[in-house]
Amino acid sequence: MISHAECPPPTEETIPAPSSLAMGQMGMWLFLGTEVMFFTALLATYLILRFSVAGPDGSGWPNPSQTHMNAWIGLGNTGLLLLSSVMVSLAVRALGQGSDGSATKALWLAIALGAGFLGVKAYEYHGKYEHRLLPGRIGEVFPEGSTISRRYDEGPGLPWLESIKPGLEATVGHEYRLILGKEKAAVPANPAQMLDSVRRNPGKSMAYDLLLALDKSEATPSMAARSVFQTSESIRFANQHADKEDRHQEDDLKTPTALPHGNLWASCYFALTGLHGVHLVIGLVVLGIPATLGVVGRLRPDSLPYLTNAALYWHFVDLVWIIIFPLLYLL
Amino acid sequence: MITEGTSTKVSGLPGTVEIAGAPPYLFEWSESAHWLPLAITGLALIAWIVSLRFKRAWAALFGFTLALMALWTLQSARSGLWLPESASLIADEVDGLFHLVMALTSIFYLLTQGVLIWTLLQPAPPGGRAARVHGNHLLELVWFTVPTGLLVYIALVQLPTWAKMKGQVPGAYLAAGYQPASDPADLLLTVTGRQWEWRMRYHSPDQPMPVNPLFWAATPAAEDIHAVNELHAWQGAKVRMMLRTTDVIHSFFLPQFRFKQDMLPGKTIPALLHTDRSNIEADGTERVWEIACAELCGGNHYRMRGKVVIHRDKKEFMDWLNRQKASQSERKESAAALPTPKPEARENQ
Amino acid sequence: MSHPNALHAGHHPGFVRTYIFSTDHKMIGLQYLFSSLFFLLVGGGLALLVRLQVGYPNESLGLLTRLIPGLARHIPESWGGRMSPEFYTMLFTMHASVMIFLVIIPWLTGAFGNFLIPLMIGARDMAFPVLNMLSYWFMWPAFGLLMASFFVDGGASGVGWTAYPTLSSAALPDGTLASPAARHAGLGQTFWLCALLFAGSSSLMGSINYITTVLHLRAPGMSLLRMPLTVWSLFITAILQAVALPPLTVALIMQLSDKVFGTVFFLPPGGAQFGAWSTGAGGGQPLLWQHLFWFYSHPAVYIMILPAMGMVSDILPVFARKPLFGYRPMVYSMASIAGLGFIVWGHHMFQSGMDPRLGTGFMLATILIAVPSAVKTFNWLATLWGSDIRFSAAMLNAMGFVSMFVIGGLSGIFMAVTPVDVHIHDTYFIVGHIHYVLFLSSLFALYGATHFWYPKMFGRMMSENVGRLHFALTFVLANCTFYPMHILGIGGHPRRYYDPTLYEFLQPMQSLNRFMTISAILLGFAQLLFLANFFLSLFLGKRADANPWGANTLEWQAPSPPPHGNFALPPVVVRGPYEYGGDGPQDHQPQTASA
């Protein structure tokens, strides 16, 4: 028989009286537990998507130089966050010792460092925007002649083909029309010579060929994406060695980017950094409250449980970045 | 279009499997659909009224519901509202598993309901007080181990069938993954789902069977024969189907073959169908076997109806295929005579 | 309804703080209860429309358009008074979404979780009362968005409550609110995703609150293994939610951004084409959604059944006047259901194109999860064995649960047998199974629990005779509505079909479909009995004393309804919750020492 009917009544000390501090901390830890699940799912999604894209054409995941990811910027940002975590710890310690003045200072420093992180992130986002590395707006490079590539040409790639036209036009439109005699030149020029000069610039040469193919209705999205991708790769390669070989730097392409798995990369990049950024903004608000209280001189030691929890959260956001950084910038 | 057809067909019950010597049905669904729920409601009301005076009437309510279910199940099995006609050996195996589980679960169900109804009828405990029993280790152990044993048996007994269904050698199954087994198929085709039809592309039997069916599925050839919403094969053929979709997830469902497989955008999923029976009668009439979509694919999900024709032999199948081929090349020629149409402008701006 | 604060002298926080933005766990529980009852009506109405269409696919529903304003838009004259197939998909999608996210989960964990946890463990309130209030008010954006989605351009989501991409997510690269995949996967689906995000946040707040409350605020002597099983089940459910919800949140955010920003998480390489429409280039995996979705939604099934099991385990001993049989096995089996519940999600995906070897693993876990369910059933039956049953409405509903959960559990074994699942997957067999678990099990437990705790909530009794009549009718009619679904499924009747008569092999089943439709309508009307009983008893019910059922658990030691702060003196617990029967002076021994 299982019997648990009559147990001796417990003494008071077996059940400690609940304290709101302990409960608050527990609630925070539980919340962070759910956050761990959140970022686990997010990072798992990223890793699954990333490691399942070994393309049949051998094209793997975009490498950092293709996506203009600068590991130094990421590292700098990691430093900023780490420093701000230190500041928050100092603030908690200072408040614990009753020194609300130095706690306030430390808090504002932490907030400034966090805001600095966001500033750097904004700079990075701006770079992605400049390079048109935006999800859904990148030309995809699929294996030549494959069904995926054919499907891409029949519809999904057409908006991208549309979107590169202004860039092509800006790169070589004028020369293109002059060479083909579609436009009368003010100063008579030799078309052959002009074509020769276009051919010497890889970007212009590619744009010229694409414009020609577009005019003949021969350009397909996959063809255009391949030539944009290959040209940008060769420009990138040439520019890497330009200084050594004493050549001038080639101009970057003015068209939107084409990149194998580029859209998936951009989706993951923006989801990971964006959701982390949202957490960071919330953290800034959470830290901003005691910091503001400190400025008006109302930060009291009884805010310590709140500040401890806020610090926990801040450290967690910091930790998440420490995991995201190598996965996104270095891997 | 169907309104008139429905009522006549329903009472006719096409596909009914008559069991010799079975007693006549207690009721006919088609005729009882409207009054039966009311009658059952009436019985429930009576049970409630009686229970106001005799509380043991609640046992009758539980017993009545149990009887109703048993009756329905037997009635349905008898009147052909049961597993569809089986068209392959694997379908027979699946049916065997189904009936095994049916038997085991029925025993458990009757057991638990029997105990429940008994507890409603049992005499009051002596003195009106039940014994203060908190549990029993032995009993717990028994009703932990017996279900576990049975369930493990069910888990193991199904493994070979699952492996075979996925076109794999049962022994090598765990190592083999999703690659189709190497045994040669007699017929190769792709089935491409799209909103809302099935597009079949048959590999021309004049050509040698491709080494890599996945590659063939991705590269249509001029010799391929196309059909819409019709799956043809012959009795005894091993059919390798490469399932694809161009838009959303569809699920290719062949009830007679106990076959169902989702089509996943961006993937080609190989599947094997071993046909063992034909649906062409000796007099040339055809029993209708249908294809249905089993995964919601938009508003007209219910309209993805196709049909399966399993010819009696390969010759009949080849006749159909050649006819199909001939009409296809005719269409091609007439299409070639027309000026090439410009690619349609995209509807979205 | 009597004033819940009436007994607490000197504390009058005003109308808004008492009834609307209340931080009192009992009021929040009641708020959940009332909104769940409202959405039960909404969800039930949607279900009846679905059944009408399946039962009578070719007949005019013109009459309904005159009865229900706004319906005429979806049942146009030009269709001969029939609804459009798109409207039909919208109906069953919203029926499931409303019932799962706005009725069953809030009713079980929101209403009863809030009302019962502090009372049953002897606490004055939840650990975080303000968070508790927030968790209720986070439901309102979800309510509002789901209801509003019916009226937006394109109508509510019509892609099934599982919202599988690419049907649900297909969008042009720059995002669009009119999806090429399905007319109702545009703005309506976007609203649906946002509503679920809100409902999820609400559940997360609730679960953090419940876990902390149970771990920190138990009365002296209330050791974990003296907690009533209701508390155990809600505690385990809270853990399930805390672990399973965040991945769903990630999935919802990704689908939302696929639709709005043009990301490609669930869009395959090369995109998807819909006639002349096509999506962006793609690059992701549609199957990923299914994994993330079922990683939440399978545990969600246990979230919807575990609290029901707990409450039934508390109701049975009270009316059997006999201790619960096997308290510890019950706790362990609930914990193992929760644990195993995390590794069985793939059994929804045997046909999805997932590697069949994975299918085998998920099959084994799924088969094993039937064991703790069986153990629970046998323990309930053993509790009833040799007892003197009192046939109250609460008891009948609890016994209805025990009886019907067996069917829901056993029909699950068919699906765990992978080769059989190939045939019955996505047929009416599944629909029957899920309704045996969610309607005939969870809802019976909820009806029973509502009857049982009603006196504690409102200080009045519900009518027993009406309650029993409601049970009798619901029990047989629900079986008439849902049992034949198994038979349809065995025959291969796919679910979510607007007009099954198109198929020759489904035509013989049409009369069965009609039978179910008529039963469902009668069933729907029978539920009005419950609602009438519930609302009329608020005013007309017999006054209840503190412990009308002679129950042991702590909530019955507080006045009915309990005042703000629940207990005049903090209770001290000296024994387990199920000391009924035996030869003592009383046939029950309450958990507190004083009695």
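Should a chain be cited, it is by its letter among A, B and C, assigned in written order, with residues numbered from 1 in that chain.
Convention: a residue touches a chain if its C-beta (ideal position, glycine included) is under 8 Å from a C-beta of that chain, and two chains touch if they have at least 3 such contacts.
Quick caveat: nothing in here was measured; it's all calculated off a predicted structure.
*Asks:* So what shape is it, when you link every pair of chains that touch: line, ring, star, complete or other?
*Replies:* Basically all the chains touch each other, so complete.
*Asks:* Among the chains in this structure, which pair is joined by the largest number of C-beta pairs in contact?
*Replies:* Looking across every pairing, the one with the most contacts is B-C.
*Asks:* Can you work out the whole-Å distance between the CA centroids of chain B and chain C?
*Replies:* Taking the mean C-alpha position of each chain, the two centres sit 28 Å apart.
*Asks:* Suppose each chain is reduced to the average of its Cα coordinates; what separation in Å results between chain A and chain C?
*Replies:* Roughly 39 Å separates the two chain centres.
*Asks:* Measuring from the mean C-alpha position of chain A to the mean C-alpha position of chain B, what distance in angstrom results?
*Replies:* From the centre of chain A to the centre of chain B is 46 Å.
*Asks:* For chain B, which residues are shared contacts with two or more other chains?
*Replies:* 132-136, 246, 266, 346
*Asks:* Where in chain A do residues touch two or more of the other chains?
*Replies:* Correct list: 2, 4-5, 147-148, 151, 155, 158.
*Asks:* Could you tell me which residues belong to chain C and also touch two or more other chains?
*Replies:* 172, 269-270, 272-273, 276-278, 282, 285, 323, 326-328, 579
*Asks:* Can you tell me which positions in chain A touch chain B when the two form their complex?
*Replies:* My answer: residues 1-5, 146-148, 151, 155, 158.
*Asks:* Using the touch rule from the top, collect the residues of chain C that touch chain A in their complex.
*Replies:* 127-128, 131, 172-175, 204, 208-209, 211-212, 215-218, 220-223, 225-226, 242-247, 249-251, 253-254, 257, 261-265, 269-273, 276-285, 288, 292, 295, 323, 326-328, 572-576, 579, 593
*Asks:* Give the list of chain B residues in touch with chain A in this complex.
*Replies:* Per the touch definition, chain B meets chain A at residues 132-137, 218-219, 246, 266, 346.
*Asks:* Of all residues in chain A, which touch chain C in the complex?
*Replies:* Interface residues on chain A, with respect to chain C: 2, 4-7, 9-10, 12, 15, 18, 22-23, 26-27, 30-31, 33-35, 37-38, 40-42, 45, 48-49, 52-53, 135-140, 142, 147-149, 151-152, 154-160, 261-264, 266-267, 270-271, 275.
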